[in-house]
Amino acid sequence: MKNRIDEFSEYRNKMNDRIMSLDHLGIKRFFNLDTKAYENGALDKKTKELLGLVASMVLRCNDCIDYHIIECVNCGLEDDQIIEACNVALIVGGSIVIPHLRHAVETLDLVRSSESERQA
Amino acid sequence: MKNRIDEFSEYRNKMNDRIMSLDHLGIKRFFNLDTKAYENGALDKKTKELLGLVASMVLRCNDCIDYHIIECVNCGLEDDQIIEACNVALIVGGSIVIPHLRHAVETLDLVRSSESERQA
Amino acid sequence: MKNRIDEFSEYRNKMNDRIMSLDHLGIKRFFNLDTKAYENGALDKKTKELLGLVASMVLRCNDCIDYHIIECVNCGLEDDQIIEACNVALIVGGSIVIPHLRHAVETLDLVRSSESERQA
Amino acid sequence: MKNRIDEFSEYRNKMNDRIMSLDHLGIKRFFNLDTKAYENGALDKKTKELLGLVASMVLRCNDCIDYHIIECVNCGLEDDQIIEACNVALIVGGSIVIPHLRHAVETLDLVRSSESERQA
Amino acid sequence: MKNRIDEFSEYRNKMNDRIMSLDHLGIKRFFNLDTKAYENGALDKKTKELLGLVASMVLRCNDCIDYHIIECVNCGLEDDQIIEACNVALIVGGSIVIPHLRHAVETLDLVRSSESERQA
Amino acid sequence: MKNRIDEFSEYRNKMNDRIMSLDHLGIKRFFNLDTKAYENGALDKKTKELLGLVASMVLRCNDCIDYHIIECVNCGLEDDQIIEACNVALIVGGSIVIPHLRHAVETLDLVRSSESERQA
C-alpha cells in the first residue's frame, strides 16, 4: 500500500516535470540553485539537510519538511540527530511549530518503516 | 570606540536582566530551554549554532542573526562554513532575506575585526 | 459519524504520545510550558484562550485554531466573543487570514453541534 | 466529475455565506473592502489580480492562490504572464514557495482544462 | 527630554495625517475598521488590546507592540496582566519573539515612567 | 544633506560589493536571478516592480520596500498607481502592514522631493 510519503514524492516529481516543461529560464535556474545548495561544500550534505529541515520547520511547510526528512535519512543521519534539530526548530519557532513537529515525527516513522520493509 | 555589536550585547544583557527581574516562571523557564537547545548533545554546538543562524535568517530577525553569528565565531566555525549556511538561508527564504544577508556579513566582519584587535 | 474535529483530536493525541515517547527533555519541557501558559493566572483562562486563538489565526495555523476554538468553547466563551476575537485577527492579519476565518467558523459550528448532540 | 477547483469554490461560497450570516459589521466591511481592492482604478484589474497572486504566493496560502489564479484567467491574462508573476514570487519568497508554485501551476492547468471543456 | 515613545507617537501621527491626505478611499476605510476593532463590544477594550498586543508580538512588529502597550496602559491593565499576555506570545511564537519581548518590556517601563512623571 | 534614501543606497551598494567579494557561486547566481526577475518580459518592468513592492510590503521588509519604490519611480509609475498597489498590500496583509505603509509613503515623498531638487 502506498503511504503518504510515496504519494508526496510522486506528486512532487510529476509537478516538477510540469514546471520544467514551462521552460521559464528564471524558474529553471532557481530550481538548479536550490539543488546545489545542499551538496557537499564548506559544510557537508548532512549538516545542510539539517539546516534545510530547521528552516522548513520554522517556516512551517509540511512538504518541505517531508523532503528534508527523507534526505536526512538518505544521507545517514540518526533519529536522535534529526529530533535534536527539530527541538531547535521548536524553541526558535514556538508552539505554532508543534503541528509540524507531529508531521515531521510521523514522516520520520513512515520513512524508517519503508526502509525496514525494503531491507526485509 | 564601541561598535554596534558591543551595543547590542550590552542592551541584550541589560534587558535580559530586566526580564528575569519580572520573575515570571514561564518566561524564565523558556529562557532556560532556549539556552539548553544549543548545548552539545546528539548534535554538537557548532551544528546547532548554524541551525539557529539559518532559522534566524529565514525568519528575518537581525538581533537573532547577530547573536548566532557571535556564537558561531565563538565555537570556532570558519567564515566559509558560516557563509555556506547563509546561502542555504538565502535559497530557502528568497530575496527578502538579502537585507539580512547584508546584516549578517557586516556582523561577521565586525566580530572578526574585534577578534583581531583583541589578539593584537 | 466522526467529524474532522474528532479525527484531529485523535491524531493530535496519538502523535503527542509518540512525541513524548521520544523522551527528549527539551521537547517535553516545552510541551509542559505550553500547557501551563493557558492556565488561570494574572489573566484568566478565557482571556488566554482568546489570545491563543488570535495568535493562531494571524500565524495562520488551522490545527492551532481548532485546538483553541475547542478550548474557548470548553471554558464557556460565547460565540459572539469568539467571533469578535476573530475580527481582531482578521484586521491585524488581513485577507490572507480569510481562509482561516472560514475554517474557524466551520470548526466552531462543528463543536457547537457536537455539544448539542451530547446534551440531547 | 468535480475537480478540486469546483470543490474549493463551493466551500468558499458556502462558508462566505455562513460568515455573512454572523452579521458582524467589522467582518462584513472588511470583506467589502477586500472585493473593492481588485476593481479597476489607478491600476487595472489585471495588474491587481497579479499583485494579489504574488502576495498570496509569498505568504504561502493555497486557497488565496487558487482564488487569484481563477480571477487572473477570468480577466484574460495569458499563461506566460501568470508564470512570470509566479517567478517574481519564487525569487522574493525562495524555495519555501516551491510547493505553492506546484499548486499554482496545477490550478492553472485545471482552470484552463475546465475552460476548454466549456468551450467544447 | 523626549524618549523613543514620544518620538514614535509623533512620527505615527504625522505619517497617518500624510496617509489620510492621499485621500484613498480603501486605505481610509481600512484605518477606520482598524480603530473600531478595539472598541468595547462582545469583548471589552482591555481584552481586545491584549489580543492586539499578542498578535503584534507573534508577527514581530515593534511599532505595533508599542502602540498596543500604550493602549493597554491607557485602559488600565496591570503590568502582570500585560506580562502574562507577553508570555503567551513567547510560547506561541518562540525564541524569535525574544527581541520583541525585550522591546515590549522596555516600552512598558518607559510608559510607566512617563506616567509617574506626569503624576509628580 | 543626505537623506535616509541616499544612506540606504550607499550602504546597499557597499554591502552588495562586499557580498560579491565573498565569491560564493550560489549567492552570486541568486543575486543575478533576482536582478533578471524584474526585467521586461511577458510582463513589463513597471508591473514587475509593483509585484516586488507588494511582495515586500506583505512580507514587511522596509529595505525591500525602499528599493522597489525607487525602481517604481525610476520606471515612470505615477503616485496613484503606487498607492493603489500599497492598498492591495494593506488589504492582503492587514494592519500589521500599516507601519510599512507609513515607511513606503515617506520614502515615496523623499524620492519625489530628490527628483524635484535634481530638476530645479
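When the chains are written out, they are named A, B, C, D, E and F in that same order, and each has its own residue count from 1.
The rule we apply is simple: a residue touches a chain if its C-beta (ideal position, glycine included) is under 8 Å from a C-beta of that chain, and two chains touch if they have at least 3 such contacts.
In this text, all values refer to a predicted model and were calculated from it rather than measured experimentally.
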Third chains touching both chain F and chain D: A, B, C, E
Same vs different contact residues, chain B with chain E, by half of numbers used: different
Separation of chain A from chain D, taking each centre as the mean of its C-alpha atoms, in whole Å: 27
Centroid distance [mean C-alpha coordinates] between chain E and chain A, Å: 38
For chain A paired with chain B, centre-to-centre distance based on mean C-alpha positions, whole Å: 24
Sites on chain A at which at least two other chains make contact: 26, 30, 33-34, 37, 55-56, 58-59, 64, 83-84, 87, 90-93, 95-96
Overall pattern in which the protein chains touch one another (line/ring/star/complete/other): complete
Chain C contact footprint on chain E (complex, rising order): 33-34, 37-38, 41-43, 47-48, 50-52, 54-56, 58-59, 64, 78, 80-81, 83-85, 87-89, 91-93
Chain C-facing residues of chain F, complex: 58, 90-97
Residue numbers on chain C that touch chain D, as the complex places them: 60, 83-84, 86-87, 90-91, 95-96, 98-99, 101-102, 105-106, 109
In the complex, chain F residues that touch chain B: 11-12, 15-16, 18-19, 22, 24, 26-27, 30-31, 34, 55-56, 59, 61, 63-64
In the complex with chain F, residue positions of chain A that touch it: 26, 29-30, 33, 36-37
